[in-house]
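Some structures to go through are shown next.
The following pair of complexes shares a single chain, chain A, combined with chain B in the former and chain C in the latter.
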Partner chain A sequence: MKEYPKKENPFKLLGQHLEAIGTGLKYLVKPTRITLMYPEESMVLPTGYRGMIRLYKDVCIGCTLCAMVCPADAMKMVTEEGKKLPMINYGRCVFCGFCVDICPVDALKETGVHDAAFTNRRELIFDPDKFSQDFDQPPTMDKPVRKVRAKIDEKKGIVYEPDD
Partner chain B sequence: MIVFPGLIFSLITLLTAIWAERKIAAKIQMRFGPYYASKRIGGYFQLIADAIKFGLAEIIVPSNSIREFFILGPILITAFAFLPMAFIPVSQIPSSGSITSPYYRFFFDKFAGISLYQPIITPYSLLFIIAVASVVPILTVMTAWASNNRFSLISAIREGILTVAYDTLIIIALISMGIEYHTLDIASIVKTGVPGIIANPIAAFVFFVALLMGTARFPFDVAEADTELVTGAFTEYSGLLFVLSMAGPYLLTFVYSLVFATVFLGGWLPLMGIPGAILTVIKALIILFFSVFMRSVYGRYRIDQILRGGWKYFFPAALLALIIGMIGGIFL
Partner chain C sequence: MTEEVEKILKGGLEVEIVPVEGELNVGPQHPGSGHMRIFVRLNGDIIEDVDLDVGYVHRSVEKLSENRNYIHLIPLIERPAILDSIHMNMAYIMAVEKILNVDVPPRALYLRSFAAEVNRIASHLYGMGIFGVFMGHSTAFMWGFGDREVWVEILQALTGARVTNSYILPGGVRRDITPVIMEMTEKAIKYTRRKLNDWKGIFVNNPNIKARTQNVGVMTKENAIRWGAVGPNLRASGVAFDVRKAEPYAAYDKLDFEIPVYKEGDAYARTLVRIEEIEQSMKMLEQIMREIPQGNILSDRFFKQIPPIRLKKWWEGQHRIVMPGYYASFRPPKGEAFARVEAGRGELAFYVISDGTAKPYRLRMITPSYRLIKVFRELAKGSRYADLVTIYGSLDYFPPEADR
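Up next, the complex of A and B:
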């Protein structure tokens, strides 16, 4: 390989290497961690967070606008006792929130729930009955989850403060 | 017996080294690393759990590989990485007053005039270590060829090119120490009481860099580059063979760290007996942890950058160390 002459001072290079190692050692001795200890503490979500969607069955007029606007074909209409109601497939949903925006009677609402787990794909499909309930999974831990708020700190990067 | 760096000790060292690597890298990258498997000791049991998991996993041998060499490869690598420990003295046996004193006669090194914690007494221990440790890259190339995998082949080529560069550095650095102390016996070098890092700092520096190169530590990780070559020569391995293939380079790092601790850092002095052995091992562990710490500081060099660095900067530095060794030899 042809080498192009480059002006580099080996002693300066060595100094830069030592500087890098020094920085590493500094972080090793005084670690600043920005990990959110997730299952034990979780972040407070901002208002307007687009989490899982909930239906208010009694408010819904069955106009089918939400199913029409859905870009991912996640929302479908079903007829239950003569009334058209939406059902959702969370395997397809992209959480864009178009259905919530387009609903003329505000029958759909975005909840703050986003950390859900399912064991199979059939569970991802919510029929109108399940869709019109507050989605809640039983907690996996005995301790209550600490709610924290992220704050930018000049020295430490991100710090988490308990939310009160 | 009284062989201090035994198999169980090596296993614990290995687990500790991998745990330290993960933990140190996590600390510097603002993470926690292993945490939940026993929070009190920093997630150390995670490594034991991993070891058990890999130990019980099925060993898959690809059908188009050379079966015998594929299985033999990691076993031989680990064995040859382990063998040099037989030539490293970890401490000195006091003639009386210690539990190990009855063995004073058995392990008497008549060349250095002291009795040692060293399984095989020989006046050429440095040469033996170089000879045995330099078999490992050949076995790596053999393993890669037997795997019959494109990543392994690229890794083998890189390893082959790299071996020439770093073996030269290791040999010249150790030979310069041999010339300086007029001996190839590690025990005699330690016995003089002058640590090699004071007698010949450039040799120590070159040896440390060659240690990083020779055992695929960062930034010289090209042969095992996991982001581009999966794990290089060990791509196809699973189960216990994977454990062995991972253990080999770490054990080799530890062996070189022990050599560094004895030759360059004064070994067990000023202590003797079992405390001396512990001191040697602590020194070696510091070197080992420092070499795994490099992972979090550096990125990976390209192969041509490593070779340019090796031949353009470190090879002249090694020759300079040789000259310093010749001059320093007059005074020692």
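Up next, the complex of A and C:
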């Protein structure tokens, strides 16, 4: 069991005041900022990131396992021309990735997209046709977006390196 | 000249008398209260009584669990404490595993400990950041959240999500550690060790912080036990209790670590315990990376059920486990199980009763923050009003976790 020192002499306290100010000054001169300048800069997410999900319609065998394992009832099965296919409601999806993991034929895939925006709730429901396309939103900015990748650095914590 | 000014000039000054006793609402809109209302009864500057109006972020996890499959509960039970989701997930899965009677391979146990310790560091840094800004030290707030990001990045690389990881499954874990993640962790440990020195310079050893935290919210050893304090708050009061030592789970029986215990029981001691726990966690991470055994990360019972084509693609190719169809709605045998882990804020317990169907008959979840409600109330009595936020921040109380 430990105890911290109770009565400290005033000189030590003064030293600690100076140390605190000194540490602050150190970071004033050499700041370690990790701010990502979104949307001018956009992060490329690592492989395996559980982003938005995409369906491969031709691969799907309609086994309904994805709909069964979905914890949020986001995935539902619909019958299209006699074939059962999943559709997803992104208003409910919690991005747990269970459906991708359980699909026996790998008809579902995690994409690295996570920053989508919709104007109304109906757009959040993806029918099998929309679900089986790569989700791509037109850029809202005129300037090109700088793609960066986060890396852990021993000195600065996180640094963003341009993605090639 | 108006009447009032005339009165003042004549000397008949009337001062509005401020009542000595009064009541004050702190919150619920988060001005340093979290998602709850702190109803403070004041006598001058001294707090006479505190009533905690909790429940603003109640999610009804226990009732909802009676209507969901076991696998569907994984994302739900980690929502109450998103900062600490690995621990929530692990305790629940440990209870389910006891009912299912599954053996977990050693590599998966090490990976559970790895994820849990990374999560503990992130959770403590978050708690210290909040504590700092409660006392007006906004540098600590920025640093806490910034340094936490490094560890969240590791969790993201390991599990695929920043906070709601859903990483642990009955029988194992979902993804294997890669050399890239190990390298990231080594760098993160070096960075955090360096940064903790600066933390000590600007925050922990800062005489301003010491003046605000020492002898504030003192919880004696007897009181800590009587009020049912858990976790770092209990250890700061001189009780050497840690579930990782008392009832080792995951890989903790094979790891060398000390549990920091302080005698004083005040807000400063609680901060010191958290700082030292971060150091211990990093030590454990290094040991895990050194000693992690090779092997499978999912119990053979479930591993055999994965189709061979998928195994080749995912396990051999990307070191990821894919779920066999069994998980979609498995029915554990009749039985009940209790499991506890040491979460970031203290002891977390799950009690699951299975009646043989695909849904639990009853799930009880006892979170560390829930036990802090009583502690906070008792500690605040008799202290000064200015110390309310210090006591609150030093306890690292997390309202959603308490409300469940």
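FYI, the second predicted complex is superposed on the first by the 158 of 164 C-alpha atoms of A that agree within 3 Å, B and C clash if a C-alpha of one lies under 4 Å from a C-alpha of the other, contacts with A are read in each partner's own complex, and residues count from 1 in each chain.
Basically, a residue touches a chain if its C-beta (ideal position, glycine included) is under 8 Å from a C-beta of that chain, and two chains touch if they have at least 3 such contacts.
These numbers come from a predicted model, not from an experiment.
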Quick one: classify A:Pro5 as touching chain B (first), chain C (second), both or neither. neither
Can you tell me whether chain B or chain C touches more residues on chain A? C
Is A:Pro144 contacted by the first partner chain B, the second partner chain C, both or neither? neither
Touching A:Ala72 in the superposition: chain B (first), chain C (second), both, neither? second
Determine, under the contact definition given at the top, whether A:Gly82 touches first (chain B), second (chain C), both, or neither. neither
Using the touch definition from the top, say if A:Glu19 reaches chain B (first), chain C (second), both or neither. second
With both complexes superposed on chain A, which partner does A:Glu154 reach: first (chain B), second (chain C), both or neither? second
For A:Pro31, using the defined touch cut-off, is the partner it touches chain B, chain C, both, or neither? Pick first, second, both or neither. first
Pick out the shared contact residues on chain A: the ones touching chain B in one complex and chain C in the other. 1, 3, 20, 23-24, 27, 32, 34, 157
What part of chain A is in contact with chain C in the complex they form? 1-4, 13, 16-17, 19-20, 22-24, 26-27, 32, 34, 45-50, 65, 68-72, 94-98, 101-102, 104, 106, 110, 150, 152-158
Could you pull out which chain C residues touch chain A in their complex? 68, 71-76, 139, 146-147, 149-150, 153-154, 156-157, 160-161, 164, 166, 174-175, 184, 187-188, 190-191, 194-195, 198, 201-203, 205-208, 238, 240, 260-264, 268-269, 272, 307, 310, 313, 318, 320-325, 327-329
Chain B contacts chain A in the complex at 24, 27-28, 30-32, 293-294, 296-298, 304, 308, 313
Write out the stretch or stretches of chain A touching chain B in their complex. 1, 3, 10, 20-21, 23-25, 27-28, 31-35, 157
